[in-house]
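Both complexes shown next keep subunit A, but they swap its partner, so subunit B is in the first and subunit C is in the second.
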Partner chain A sequence: MASGGGMTWLMIILIICNAFASAAGLALFALAIWVAVDGYRLYPISGVSGKDDIFAGAWIAIFTGFAYFCTTIFGIYAALKKRRSLMLAYLIIMFIIFIFECASCITAATNRDYLVGNSNLVKKQMLRYYAENSDKGAQITNTWNRVMQDVQCCGADSALDWIEYNSTFRQTYGTTYPWPLNCCKRLSSFEVADPEGCKIGQSSTMFTTGCFNYIESVFSRYTWAVSWYGFSVQMFVFFLLLIAMVYYTQLG
Partner chain B sequence: MRAEMLAVLFILGGFVPLIDADFVLRVLTTEDGVLTGRFPDSLLLSLPPCNYSGQSVDLEYLNVNTNEYKTLSNIFTVNCTNGISTAGSAALSRNLGYQVTNLTNGTEYKFHYKIGATNSSYVLATTRRVFDYNGIDEGLPARSGAMVVITVILSLAMFFLLICLILSTVMSTS
Partner chain C sequence: MEAYIVLCFISMLSVGIQAQSTVNCTPVVTPDLAARITTNSVILNPPSCCFGSLTGLNCTSDKCEVWLVAAVDTGVNNFNTDKTSTDFLSKSPYPSAFSNSNPKNYFLTKAGLQNDFPCPSSSTASYFRVGADGNCITTSCNGVLPQGSTASFKYLLVDPASKTLLAETKWSDNITLYTSKDPGSISDSFAGRSGAMVVITAILSVAMALLLLLLIIAVALCCCGGEGKEQRPASQRLGSVMGSFRIPRYDTHHLKDPAPYDNPAYERERKYTTADTLPKSSATTAVNPASQDDIKMQKM
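Moving on to the complex of A and B:
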């Protein structure tokens, strides 16, 4: 229907954009694998609270990223072949993948706000599950012990969380130690440097800053990877699909 | 004229607790190198100055709610030359302060030292209240801008694409 020259240009644009989208889809696939692998090992904090949809979004994005990669390569083939049936199949499959990827972006962004919008959920979880004798308790205790030592922090907002609130730790171990020993500075031999100083809260012997900033930054990093990068891929695919629909209507 | 007289009276009145006292007693704060001086069941009090070196110290305190007096005799000896104390408390062995233990949480106390005949000033201090962690509200704090933008724009894009897909199928068959 359209002039031959115009159609050729449209086909070339479509092929180039599809190639770019396949690269973007592969990058989304890789990024979502990075989130799902959870190199910072903070999954228990979201898993125990039941709000782990950042990782669910990452799993969906693994699927959609790879599916975008494969389907856009098929789209290059369909554009070259100039067959309406192939282009229609391409459009329908891309639209289904688009819907799934939208779900992933929205879920990840929303769940981040539930989990680390402020420090309340993380603090309450820490006070309830740290030192608790259960499976959830073991996961939270191990995670917090590692975070407190690696990041050199104590408590959610500060070490005062341990004395301002009742906690499973205080009920189990009494008030001899106001906070866990992982809040204390250690020597390279892993012994506590100064247990007596740590007990009374001497600032030079323990970590006084809170861990919530670190936890929030890690979850935000995961979320921005899945939701904002996914969003930018979606915007590109949106315009790609509009061009493909124009090409489809001009075919045959 | 009257306002100035009132101001002078207030300033002089501020010194009343010290009139009978020879040195100041206070609760430790972050400036003294500790995280906090107030715990739920103990308090960190400052030490007497070095001119009382070698003398043993008594502590008297009053539970303001129950009006009970308690005296702890010979709790430590003032020692300014090195950091080792006789009472064995962690705060003392670092010359930081004295930790009064076995207090109830959320209660106001009035402390003062007695060294022989001399008294320190009085200090009013409250132990920390312990809150129940179940009272922490862990609901959604607020919707962030990211959540709103992504949801709105992607929902509109999805809807628009669906319409265009249907239109392009219909247009090409007609």
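Moving on to the complex of A and C:
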């Protein structure tokens, strides 16, 4: 049996690491709630396309973050009690949570690549669903209208997306206006500042940059919160579990 | 001879008054408007400094009209042929310009009066949009061009009173309009893997596998390997890895009634004894503890 001093040190290290892991788990819980709440309100873009697993990863991380918090507190208790059965239960539960959190990190990172790896999916969705008279169309139209006005952009890569491609918007409203009026600068009273200038594309009366950069940065921000922070928590928990396994074998 | 020359000169003069001069101007697309070329319209620079240098015109700059010819493919040649006739303004009305069985492929539309386009160009009239009237039906309206066509443009200076062509610019370069692409043709399948995703997946999978392996080894070592180790002699202590080791019990003599017994030297240390190894009240084959060698042997 290991010398009493060595075991005591191991127990202290285990308790401190568990305390740290519980704080990290709680932070993961809070961060995942932030992602799930979707403060930027861009969920329809991923929801309509069916690739919304960034948010599924966030939901899993909510549960695993809180589970890490609870289990590590139990781990502190198990380390203090120096009972093998408790430590074994702790190890098995932590491993199960580890598996779920791995799933969350990998899912979020992979789905971000599908959704915003390049601008094709977002552009195709905008051309198809903007101004369409359906439930999906309403969601996409509202989201794009808000993004175009708040971020001051037009189209996915640029305003020319509306000219180069046919779209539901063009089929519905004809070619009088080459792009939606939300691409135009507005006065504080929400009227279009210069409809004729916007129609011909004067850069002082409309937004010409594309919205894809903004959309990509928001989804990347959500993904890095879930997957990179989750990854760092996982690495810490991995080493914590190694220490816990050594402690477990020394017990008895 | 002189009379012939004078006659020629006079006739040339009279013809010259009505001659069509080609000014050194080429219509160009405005460079800085986002919608300068769409699927069915084009925005051109106005003919600001093109017709100002002409003299001897029948109309003044507030009466002379500027017209635009928009010609697609063969329309250029058709207009070049038609412009010499006296009613060239109405030879190809817009509604039938592109859609008849034998279309002329060009149309004319009035751009404005000559002094609507001052030189240098003012800010209000700094562009001219071909196709501003949409799908119109009057004869000389500014209608849209066919989608995806390759068009060429020319400005004309026309005397409204006599409907004669006074001057014209050169033909512009061929301008190709956009063809409306189907958004279904955008390929949204595989956008590539980012490096972050590869790193996260690889490292987490390896970590998960490693953890599972070590967990199984730790559980197997401690739960299943623990009991087996008890039979090993005390000399083979495995350090502090495996649980506690008990003082081993073994029969060194072939006894008829092999009852287990405890070395009385350790009788006081109850930690290592069980109930059936404590010495019974009846004397058994106890070893004489006085013998130092025996005690040493048993201590091992």
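Keep this in mind: the second predicted complex is superposed on the first by the 252 of 252 C-alpha atoms of A that agree within 3 Å, B and C clash if a C-alpha of one lies under 4 Å from a C-alpha of the other, contacts with A are read in each partner's own complex, and residues count from 1 in each chain.
Operating definition for what follows: a residue touches a chain if its C-beta (ideal position, glycine included) is under 8 Å from a C-beta of that chain, and two chains touch if they have at least 3 such contacts.
Computed from a predicted model, the values in this text were never measured in an experiment.
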{"item": "Overlay on subunit A: subunit C relative to subunit B, clash or fit", "value": "clash"}
{"item": "First, second, both or neither for A:Ile163, with subunit B first and subunit C second", "value": "both"}
{"item": "Touching partner for A:Lys124 - first (subunit B), second (subunit C), both, neither", "value": "both"}
{"item": "First, second, both or neither for A:Ile99, with subunit B first and subunit C second", "value": "both"}
{"item": "First (subunit B), second (subunit C), both or neither touched by A:Ser204", "value": "first"}
{"item": "Which superposed partner A:Thr176 touches (first subunit B, second subunit C, both, neither)", "value": "second"}
{"item": "When the two complexes are fitted on chain A, the stretch of subunit C hitting subunit B, from 115-123, 241-249, 259-267 or 277-285", "value": "115-123"}
{"item": "Footprint overlap on subunit A, comparing subunit B with subunit C", "value": "84, 88, 91-92, 95, 98-99, 102, 105-106, 109-110, 112-114, 117-118, 120-121, 123-124, 127-128, 159-160, 163-167, 175, 178, 199-203, 206, 208, 227-228, 231, 234-235, 238, 241-242, 245, 248-249, 252"}
{"item": "In the complex with subunit A, residue positions of subunit C that touch it", "value": "32-41, 43, 127, 129, 134, 144, 178, 180-184, 186-188, 191-194, 196-197, 200-201, 203-205, 207-208, 210-212, 214-215, 218-219, 221-222, 226, 240-241, 243-244"}
{"item": "Complex contact set, residues of subunit A against subunit C", "value": "1-3, 84, 88, 91-92, 95, 98-99, 102, 105-106, 109-110, 112-114, 116-118, 120-121, 123-124, 127-128, 159-160, 163-167, 170, 174-176, 178, 199-203, 206, 208, 224, 227-228, 231, 234-235, 238, 241-242, 245, 248-250, 252"}
{"item": "Touch list for subunit A against partner subunit B, complex", "value": "84, 88, 91-92, 95, 98-99, 102, 105-106, 109-110, 112-114, 117-118, 120-121, 123-124, 127-128, 159-160, 163-167, 175, 178, 196-197, 199-204, 206, 208, 223, 227-228, 231, 234-235, 238, 241-242, 245-246, 248-249, 251-252"}
{"item": "Subunit B residues touching subunit A - in the complex, by the definition given at the top", "value": "30, 33-36, 39-41, 44, 90-91, 93-94, 96, 99, 128, 130-134, 136-138, 140-144, 146-147, 150-151, 153-155, 157-158, 160-162, 164-165, 168-169, 171-172"}
